[in-house]
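Below, chain A partners chain B and then partners chain C, in two separate complexes.
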Partner chain A sequence: MTEYSSPLPRSPLLSVLRQIGNTAVTLLVTFIGLLAVTFIISRVVPIDPVTSILGERATNAQIEQTREALGLNDPLWQQFAIYLGDTLTGDLGTSIRTREPVLQEVARRFPATLELATLATVLGVLLGVPAGVIAATKPGSWFDQITRLIGLMGYSMPIFWLGLMGLLLFYGHLGWVGGPGRLDAVYQMSYDFDITPYSGMILLDTALNGRWDMFANAFSHIILPAGLLAYISMAYISRMTRSFMMNELGQEYITTARVKGMPEYRVIWVHALKNVMVPLITVVALSYAYLLEGAVLTETIFAWPGLGSYITDALMVADMPAVLGGTVVVGAAYIGLNMLSDLLYRLVDPRARA
Partner chain B sequence: MSGLITWLRDPNPASRMQSRLGQSYLNWLRLRRNPLAMIGLCITLVLLFAALFAPLLAPHDPITQDLGRRLLPPLTAGNLLGTDDFGRDILSRILYGSRTTLYIVLLVILTAPVAGLIIGTVAGYFGGWTDIALMRLTDIFLAFPKLILALALVAVLGPGIENAVLAIALTAWPPYARVARAETLTVRSSDYIAAVKLQGAGPIRVIWGHIIPMCLPSVIIRVTLDMAGVILTAAGLGFLGLGVQPPLPEWGLMISAGRKYLFEQWWVATMPGLAIFIVSLGFNLLGDGLRDVLDPKSTSK
Partner chain C sequence: MLFDPTIRRAGALVVAALMLGAAPSALFAATPADTLVIADAIDDIVSLDPHEAYEFSGLDVINNTYDGLIELDPTKPGELVAGLAESWSVADDGLTYSFKMKAGLTFSSGNPVRAQDAAYSLQRAVKLDKSPAFILNQFGWTKDTVDSMITADGDTVTIKVDKPFAPTFLYNCLTAGVASIVDEETVKSHEVDGDLGTEWLKSNSAGTGAYVLKSFKPNEGYVLEARSGYWRGDAKLKRVFMQHIPEAATQRLQLEKGDIDIARELTPTDIEGMAGNADITVQQDVGGQIFYLAFNQKDERFKNEHFLNAMRWAVDYQGMVDTFLKGTEVVHQSFLPSGYLGALTDTPYSLDVEKAKAELAASGITDTTIKLSVRNAADRMDMAQSIQNTFGQIGITVELNVGEGAEQLKEYRARQHQATLQSWGPDYPDPNTNSSTFAENPDNSDEGKNTGYLAWRNAYDPGAMTALSQAAVLEKDPAKRVAMYEELQKTSRETSPFIVMFQIGYQTGMRATVKDFYTGGATDSVAYWLVSK
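After this line comes the complex of A and B, so read on.
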């Protein structure tokens, strides 16, 4: 006999609401933790912010005045509280290099990264899920072995080198794709003047404006970096799909379905896959979050004007407000996606609600 | 030799050492059956060999420049893999670069898993608020984008090999803490721990002498699987100019130097990248095989 701890079944809505509450608290704590780290980093910077504003030849009185104005004489916890408040209200400081608010610059750059990571994730799912399913139905077959090897190679490849090799082969030798950047130089001017930027994502905007010639050009530029990132995410997705699928195919309801005489393709692609989708949500969200970050090196190689290249460019000139502002935004997106996947998982799978 | 094998396979070992060695021998036999894992082991051994004997193996000095012989293609007499933009032999630089890579990997292995072990076992052993505080900290670090955090840290600390190691280690410890805590929870309330405590052992002694040894196997598997990731991150930092500084040979840095000549002298960027790829593939294959052998949970296929 099973003992029930509570006599009444708990309302599923209530338990979901509680999950959301818990997740929100965790989200907040993690985000404050992220800000604490960036705050500590910004305080141990060897570059003195006062000198960088006033220059080397400031008088002591000027230095003291600026320190006071910047709040550097306040106790640390007070400085942190101010930093916390500023960040939460969207003030990420001012870039030293361009003298523009960091938030504004980051907002301008973010769509490019989002577009790249989204396309890569979509491609990764389209390739990785079927590959993982087929590998799981024939474990040990040549297909399984090759998928596994291709996956392991994806894990072992430095993405920046893969990018260079891709450019060398597909752009330099074969000429199949556009080179670095989001558009050919010819189109860049007319993009700036003729296109209404609805989303900042080039494929979407050119399509919405009906400029299909420009869409084709943009596509030829994005397909190589997106394809390479998709390879990395495919390696992860196909591996996880395979192991979830193997687990599912061992369940009793699968045997029942087979005994009933259901065609094998229906057993695999309808019954089993439906249940595999639940844990896959988490995997896809994680790989999406990883791509947002992994785009840093890819963007550097492909001169892609996204967040990653923004951060690395700022690094080269020691523009710390820009580096830390970018870090906070990527970190927040990463944390948010992590939590969202957790929440989705609990919503979809009744067993995880507990 | 056959005497040794009989001794190893003895079903009734006479000492603790014999039993342990016998167990390792059986694991080795299982690992040997996995061809991919053996390829991984060979690659790892070649890396160790290259790093140890770089001065003997390298045909040229890795740093001395020879501007008369710059950008020579591969298979030139005397320069098997060609030369770079300063006329330095690429093969020699790759061989010496394996030392840098191994140095970084070793330093990370000596710091991150140790920190993770201590935090995880302490959290698991004491429980309560200690556990909540430490695990919350771990979760926060786990939720961070690793590469970005490493970039920001190196940007602040200044570029260099030690700072790169510190940045990688600071972002690599949380998974070890998780693993160690889970293992600690399973042994914490067992009888042998209670017996040690009754003998008057303090928490430090219990954790150090009786809990950490139980966590080691799972941690070692994770270390092997993480090695490739450490190599890739280190190469990425080097590529961005934030790791090892020129003229020292480091693979990531060599790729970034070859970027300028990508379309005309392709080998300058290609060769060091191949080295990174082969070495991390080796660690991945070996780690995969080791996990199948050492971790009974994952073998149920």
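After this line comes the complex of A and C, so read on.
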């Protein structure tokens, strides 16, 4: 990194601007790379979009006409240039299946995923970080063993199975939580008419509209899928926290603090944890990004109308503009989260402020 | 101490609160008493404009929000009843029909239903020219001619056709969704840039049906609300709420729990699993889709009658139904699905290894390896493997060519397959829909490119059947017309390179309180307005 080794003194403002500029260029290049990869994949898969649009009864003239209209007869580079231009100006194309603008559909589906992933990540962090810290302070204890076992189960059990079993137990037998979907039928029907959609996230919107009955119902529906996803991310977060923490607790400054007679909870939760935060931010950001893109199976089982199920449904009927559009949005969210964790580094770690 | 004492106490409080909150509450009641709650996979819906909708789930909505001049009786499959027309007649030359409209009916907007609305609707469907328009185009109606061929005068609609078709052919086609009558004034008031109001009708309704479309979200669900004064009698339930829930196991759980009234995507395993549950009933009926094997006659072996016969006797029709298909298909061996006018429902073929071997020997064919193209879907793979097994028993080696649906269709349409396992769904509720494609091939040359004819796709020249099928669609005497289709099906079954095996079965899981849910069977769509619970 030349900027760190540069011998010339420079103003802090310039440095920040340069950092932002570098990040922006990196982001743009990454984004174009993402577009190129998704575009190429969409063109090499053996799915003929024309057949999926027109179906069994199409005449040959209709097929040729549609190929022309979709620009499929143009050279590949030309198709990519058009695609790139459209995407960068916010035009993600039109869904083959519904003939709605993909951007509009994605905008409707994304809040559902965002809500689920956010709640799951919050729960995952709230449970995973303390569990990891406690396990690290008492390695080999029963708490540590159980945390590791739970973590291992979270890693290794297929989410599809876990989801169905969760539904069967908590919804089917115990009746503690609401079933699949975001609301009970009776609320779902009135949702469109009674609620002003500020964000598309039901918990937030019902709260802002003061409909606490609906909020409670929405909460009973989201808690199981969110809890399930939280479990998966908790498994990851607690393991990583444990190993970072173990490493940190062996440092000399910890010994110094203890020798000085500092209370143990301050040593652990303030001094050690603060230094663990830096790598932990990356872990949390990655796990959040994973939930934003990867909750496909959970969304299917829980009939959650989010982005994951949108992309899967689209893939099943070879609706490539919808698949590409959804993928681009997920990719953009991924890149955005990376940038966010970069910024957070600088807040948490003075060394990264350079 | 690992924790600050204050934090310890606060933590204990939070845990206690969470445990209380998780206790069972009264959140989970049964479905509302005046609402029918259904779970189905409805991601096939493209538009809810009746003149564009051409998918199963979309037509279910259309059937409950619109009516046509003539309707099908939902309780008696295939039977015609009066719709918005009170009576109708055909002139002696068979080219001109008159429909007299019922008096005093209104659209959901409150506008009266006029003959002009009916004429406008049929004209609109032709001019809009979406997928189902071809059903109407068969009568010689084009964008240029339709205004003069379909006219309204007072309470009468006059419809002209370009050939003296069998009247039942026109009547059956008029029951299709594409012939639904829309409210001209309402639709025109939502026209944008000459789009004939189609953008608005995609997610709104303007019909005479028992229900009005209240909301529709693609791939999520829709809400229908009953209107009062429906001409067939008011709907028994005030609302219909459809949720898009594609996962069968999820549907089953919700049905057992009472969170939904009807589940339409259950698997045989789910059905079996609910067998002992007194709260659930399972309704079994058939749809219009048929499954068939087709052999491309560019390969000379498939012109050999004995070879084809050998294969007809080497399919384990009943065995497949009894083992893995279990109610999702029923054995059916003619190209018209049962429920259609003139459909043959007898099943003369069964697995008979000895007979099949004898036919194979009589064929004189020694190269008995065939390549069977099949889509990579679970039910089709199961069927293909069963066929591979039983064909193997008589000495025919089947190599499976497994592929994605669209690719297989491309191969089929290009006549590049050898043998293929396919399904076919009829386009409209008249026997001509299947007869024209299975039994007609006006030009068998490659240059003909008659990809719309299944006979052409298999390089099969049906000979005299083409003329017979073309005559059947013009036959005025309904009894004679039936006899003609029976003959066509019989000949096709015994001589063509098609082996029809199954007709699709619908298994609907319902709460035991739900009564009178008619799926529409092979020819029609769901009738929600009759359902009670």
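The rule is short, and it goes like this: the second predicted complex is superposed on the first by the 294 of 354 C-alpha atoms of A that agree within 3 Å, B and C clash if a C-alpha of one lies under 4 Å from a C-alpha of the other, contacts with A are read in each partner's own complex, and residues count from 1 in each chain.
Assume contacts are C-beta pairs under 8 Å (C-beta built on N, C-alpha and C of every residue); 3 or more make two chains touch, one makes a residue touch a chain.
No experiment lies behind these values; they were computed from the predicted model shown.
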Chain B versus chain C as contact partner of A:L164, first or second or both or neither: both
Which superposed partner A:A318 touches (first chain B, second chain C, both, neither): both
Contacts of A:Y155 with chain B and chain C, given as first, second, both or neither: first
Touched partner set for A:T300, first chain B, second chain C, both or neither: both
First (chain B), second (chain C), both or neither touched by A:N338: first
Touched partner set for A:E100, first chain B, second chain C, both or neither: second
Partner chain(s) touched by A:T196 [first = chain B, second = chain C, both, neither]: neither
First, second, both or neither for A:V186, with chain B first and chain C second: second
Partner chain in contact with A:G33 - chain B first, chain C second, else both or neither: first
Overlapping contact positions on chain A, where the chain C interface meets the chain B interface: 46, 164, 167-168, 172, 300, 316, 318
Residues of chain A defined as touching chain B within the complex: 26, 29-30, 33-34, 37-38, 41-42, 44-46, 139, 149, 152-153, 155-161, 164-165, 167-168, 172, 246, 289, 292-294, 296-297, 300, 311-312, 315-316, 318, 320, 323-324, 326-327, 330-331, 334-335, 338
Complex interface listing, chain B residues touching chain A: 36, 136-137, 139-141, 143-149, 151-153, 155-156, 158, 228, 232, 235-236, 239-242, 252, 255, 259, 262-263, 266, 269-270, 273, 276-277, 280-281, 283-285, 288, 301
Chain C residues within the chain A interface of the complex: 1-4, 7, 22-25, 27-29, 31-32, 35, 37, 39, 43, 45-47, 131, 134, 215, 217-221, 223, 239, 241, 243-247, 249-250, 253-254, 256-257, 259-260, 404, 406-407, 409-410, 427, 449, 451-452
Touch list for chain A against partner chain C, complex: 46-48, 51-52, 55-60, 97-100, 105, 108, 134, 137, 164, 167-168, 171-172, 174-176, 178-181, 184-186, 188-189, 192-193, 216-217, 220, 263-265, 268-269, 300-303, 305, 309-310, 313, 316-318
